[in-house]
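I've put the structures underneath this note.
Both complexes below contain chain A, partnered by chain B and then by chain C.
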Partner chain A sequence: MSGNLLHRPPILRRPDGTGGALPALTLITLFFVVPVLALLLRSVTEPVPGLQNYAILFGDGTYARVFFNTFLVATVVTAVTVIVAFPVAWMLAIMPPALGSIVFGIIILSMWTNLLTRTYAWMVLLQRTGVINRMLMDVGLISEPLPLINNLTGVTIGMVYIMLPFMILPLVGTLRAIDPMTLRAAALCGASPFDAFRRILLPLSLPGIAAGGLMVFVMSLGYFVTPTLLGGTSNMMLAGMIAQMIQSLLNWGLGSAAAFILLLVTMALYALQLRLVGAKRMTGGI
Partner chain B sequence: MLLDYDRLGWLRAALLGFTGLVAAFLLLPVVFIVLLSFGSSRWLAFPPPSWTLKWYEELFADPAWLNAALTSARIATMAAILAVIIGLMASFALVRGQFRGRNTLRGLLLTPMVLPVVVFAIAIYAFFLRIGLGGTTAGFVIAHTVLALPFAIIPITAALEGFDKSIEDAAIVCGASPFEAKLRVTLPAIKIGIFSAAIFAFLASWDEVVVAIFMASPTLQTLPVKIWGSLRQDLSPVIAAASSLLVLLTLGLMVVTALIRRKLSK
Partner chain C sequence: MKLILTGILAGLLAATAAHADEMVFTSWGGTTQEAQTKSWAAPFEASSGIKVLQDGPTDYGKLKAMVEGGGVAWDVVDVEMDFAIKAAKDGLLEPIDFNVVPKADLDPRFTTDHAVGSFYYSFVLAWNKGAVSGEPTGWADMFDLTKFPGKRTFYKWSAPGVIEIALLADGVPADKLYPLDLDRAFKKLDTIKSEIVWWDSGAQSQQLIASGEAAFGQLWNGRVFALKQDGADVGASWNQNMTAADVLVIPKGSKNKASAMKFLAAATSPKSQAMFAEASGYAPINTAAKAEMPADVVKSLPDAYVDGQINLDMSYWAENRDTIAERWYAWQAK
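Our next item is the complex of A and B:
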């Protein structure tokens, strides 16, 4: 756009709107960077200066369980989301537009519906006397209600539900960008559908799967609402623990130390993702 | 062949069936909540013994719900307006600026979207307590503007990247001031991006729970805080009624968005 800078009239030569970033930079510095840094400072100054908060977090089995649980839930949710999202994205990429727009509409409706509304629905659906248990018992598949809520199952169902759109939408873009010719060529050369899938379609969509999967994993790691409402006390996640430390226990030192660990892991994975796919590809889902 | 819809054979039936199931899974809670809100059972038995409007009556009889909704609407509108204006200005710099650290700046401005909200929530909560903005509308608006900013910047930068700057230059050459050229040439050309930014920024605040839980005071509650509080007490069907109205609002927003997009892209 500025390739022929010298041939342009002088009035157009000045750099455009660099100062425009100032309000945003001020807002983010003052009300994001400073508060977060101040919080992290508290993790090494409260109650007394030193690293004792981190020693407590890493030394205690209770906290180790929370860390383990957080990674477990994020891993399970990511795996399930990828497996469920892939076939849907595949179909959406090649479906006739009329049919596809119905599915897209449903995805957007689910994504835009209030987060608490969706979680509330799952709380009612999954409870002991809920519709799902009643239906399974009426059909005769089970004789006792299944424990579907306040455990890993409940969190996984609720979280996969929320994450699916974030995986499906970018993946559709990746799959649409693959030239159908490559797969026709494979078929002509005698590849079975399974071979074509395993050796062409899957490898070619791997960047999209990796990008989406990493995004889902990072989002799941720090999720607060759904695990708090659908999970039990025995499988508390990191974000829930941080909130509890601050809100109920008023232990700012320990809470900020846990927040710092969450921040560090998230930012490391975010940096990895930027390296993998570039900033623009990552935000293509919106 | 795997990417040819018409030549997938049996695989197409299987994949379509699976897609249908996932679509049903995505639709299930939304439809269920609406049906539930008309059911007469206080214990949320389903299918309900009979149908009723009493949960809606209870909802409208309690002014706390309406107040919370109005508070949410007020905060989300202000946060969306601020985020779009600040985001629009930043987008020009991010797309057209020729300065060092542009990508770093972009990364920094998008960070609020990536950092777990709970970390930001306790940080801003502590910060606002110290500077006296805790539990105030201004505090809410500032915090939500920070969270909404990435959602405004992404669609606007995308639209701006797709806009040919020489058209704006042409207006300047023809005598428009740079500001006038932006206002009358560039902004109308990227209006879809700006419109999407406004919707996303509004939703980012309207739907926000975590910061709101920490910031809320007994006199200042947003709708998600009110729902959260009720959820933690019991699973009253009044929440289903409130939720159904939110679903209705979402549907309305989707229709309006589709219509405006169609109109703007003409």
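Our next item is the complex of A and C:
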């Protein structure tokens, strides 16, 4: 037996990993590829064969609004996340490693807490009779509760909070790789701190911002829990609309079509991300 | 392909289905399902030896998925009546075996070939006394932002109730509500849209009113009843209260159909219905149940407020469910 093995041509002996990947591939095929195909099939066969579901989705003002909302929320959330995450990531990058790992731990810990719990916590904080409004009214800063929930503000606050780690992590990596001497050099050449940030730090950290930003954007597109709980009905996003079509309207054809469009958009963006990351690698950089 | 897939899905769902001598009862959770468990399931388990597993919340999409895939994990489901009429037409439900379920005393308004009543309820106007100055007296007050400022809460899903409320507030006489004038209803709702907070579950409606997050709302009377029992400072107006019903159905292909029929017989018996009404504040659908109940409880039920009461038209809704729903969600998303 063993002799047999030794005499095999080398190409057959080389471990190419396909055998080990088989269970995972089967799992993905069975529970992802096949259902997605079923989804696609449903979207063009229910209630009658044809593309009518897609025609409805693209032809109707309501659905156009939901698509617009989805992209609006994802864009706003991504922009705010970048702005909030950047200083944190920079701090983490230049901190002494011991302290840095503590802050890092806190950030990771928040990711491990249940999403629903965190979103409910925001509800308690943001509602009209919630902690934030009560406090502001007690100290006399406002006389009427601020509308912090059931609108875009609520959705943005809740989602930015959840997305932060996904922005901070890639950004820290990029920022750590930037040679601090470049900033010192800029200062020596007379650049103001703002100039150094705008002309040195920001351009150098762009790959990290792009990677994190795309990740946050793509994740935001398909978000369901947070927009549903912290937004109003006029902030409905695609995922919420799909759930409504499937659960309440029982219109699975239309729901499947919407889900398939969401999947396509997500995949396209993912491909873009791969290209960006790939390009970054090719330049041999960071 | 589709068949294989639904088959796989169904198999997964069915893996959770009950064994022999067990059945699964699915309802909406919260105080209502607690009362159903206590008043119906527990005595039924004791007398029949059939174990009743609880599941929930009711999800029409899931119900449809189970029936179409052939892996039905739910044996008895509490659903809204307009859904039951539509679902029966779509072939999603088992016909009720009235040889097992005694029909004589069941309120005919809530009994069909494929459903028996679960309980019936009224939508009433409820408010947080601390958040409202004065006393609202009818649905029209919910549309009066000057006299009654503040957030108001309505049922989020497309279902009988809110459209009718808007039409009544706009001056449509109660006997001229149907067919519903949707344009007029949405125009009226537009006037208060920015002040509406939607509730999507009974528990949320209670939380919104109890905390004052919404000053008033259209609530199920049983939820107001439970709030008052908990000592919350809430008021309620039964003026033009609107009745609708939940019914019990058996999804087509239920694995424990015989047990499910027996459960229906037990749940709709006068005694079970009386117990549930006492625990929940909802009205019994068995006309003989009242004889089993204390007089003061009978006085608190929707039956005691028939003056000006409006019966929401379930057949009209079942017929027009999809068209109304499309407009409803489109309007909400605007």
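Everything that follows uses one rule, which is that the second predicted complex is superposed on the first by the 260 of 286 C-alpha atoms of A that agree within 3 Å, B and C clash if a C-alpha of one lies under 4 Å from a C-alpha of the other, contacts with A are read in each partner's own complex, and residues count from 1 in each chain.
Rule of thumb we're sticking to: a residue touches a chain if its C-beta (ideal position, glycine included) is under 8 Å from a C-beta of that chain, and two chains touch if they have at least 3 such contacts.
The shown structure was predicted, so the numbers you read here are calculated from the model rather than taken from an experiment.
Participant: Under the stated touch criterion, name the partner, chain B or chain C, that contacts more residues in chain A.
Facilitator: B
Participant: Check whether A:38 is in contact with chain B, with chain C, with both or with neither, and answer first, second, both or neither.
Facilitator: both
Participant: Given the touch rule stated above, what does A:183 touch, chain B (first), chain C (second), both, or neither?
Facilitator: first
Participant: Examine A:62 and indicate which partner it touches, taking first as chain B and second as chain C; both and neither are also allowed.
Facilitator: second
Participant: Once the shared chain is lined up, is A:75 touching chain B (first), chain C (second), both, or neither of them?
Facilitator: A:75: touches no partner chain.
Participant: Quick check on the superposed pair: does A:192 touch chain B, chain C, both, or neither? Answer first, second, both or neither.
Facilitator: Once the two structures are laid over each other on A, A:192 reaches no partner at all.
Participant: Scan A:20 for contacts with chain B and chain C and give back first, second, both or neither.
Facilitator: In the superposition, A:20 touches chain B alone.
Participant: Would you check which partner chain A:250 touches, where first means chain B only, second means chain C only, and both and neither mean what they say?
Facilitator: The answer is second: A:250 touches chain C but not chain B.
Participant: Which parts of chain A are in contact with chain B and also with chain C?
Facilitator: Touching chain B in the first complex and chain C in the second, residues 34-35, 38, 42, 127, 129, 246-247, 252 of chain A appear in both lists.
Participant: Which residues of chain A touch chain B once you look at their complex with the stated criterion?
Facilitator: 1-2, 8-9, 11-12, 15-25, 27-28, 31-36, 38-39, 42, 84, 87-88, 90-96, 102-103, 105-110, 112-125, 127, 129-131, 134, 161, 164-165, 175, 178, 180, 183-184, 186-187, 193, 196-197, 200-201, 218, 221-225, 229, 239, 242-243, 246-247, 252, 255-256, 259, 262-263, 266-267, 270, 274, 279, 283, 286
Participant: Please give the residue numbers of chain A that touch chain C in the complex, ascending.
Facilitator: 30, 34-35, 37-38, 41-42, 45, 60-62, 65-66, 69, 127-129, 150, 232-234, 236, 241, 244, 246-252
Participant: In their shared complex, at which residues does chain B touch chain A?
Facilitator: 1-5, 11, 15-16, 18-19, 22-23, 25-30, 32-33, 36, 43-46, 85-87, 89-94, 96-99, 103, 105-112, 114-127, 142-143, 145-146, 149, 151, 153-155, 164-166, 169, 172-173, 178, 200, 203, 207, 209-210, 213-214, 224, 227-228, 231, 235, 239-240, 243, 246-247, 250-251, 253-254
Participant: How about chain C: which of its residues touch chain A in the complex?
Facilitator: 1-2, 5, 8, 59-62, 64, 151, 156-158, 197-198, 211-213, 322, 325-326, 329-330, 332-334
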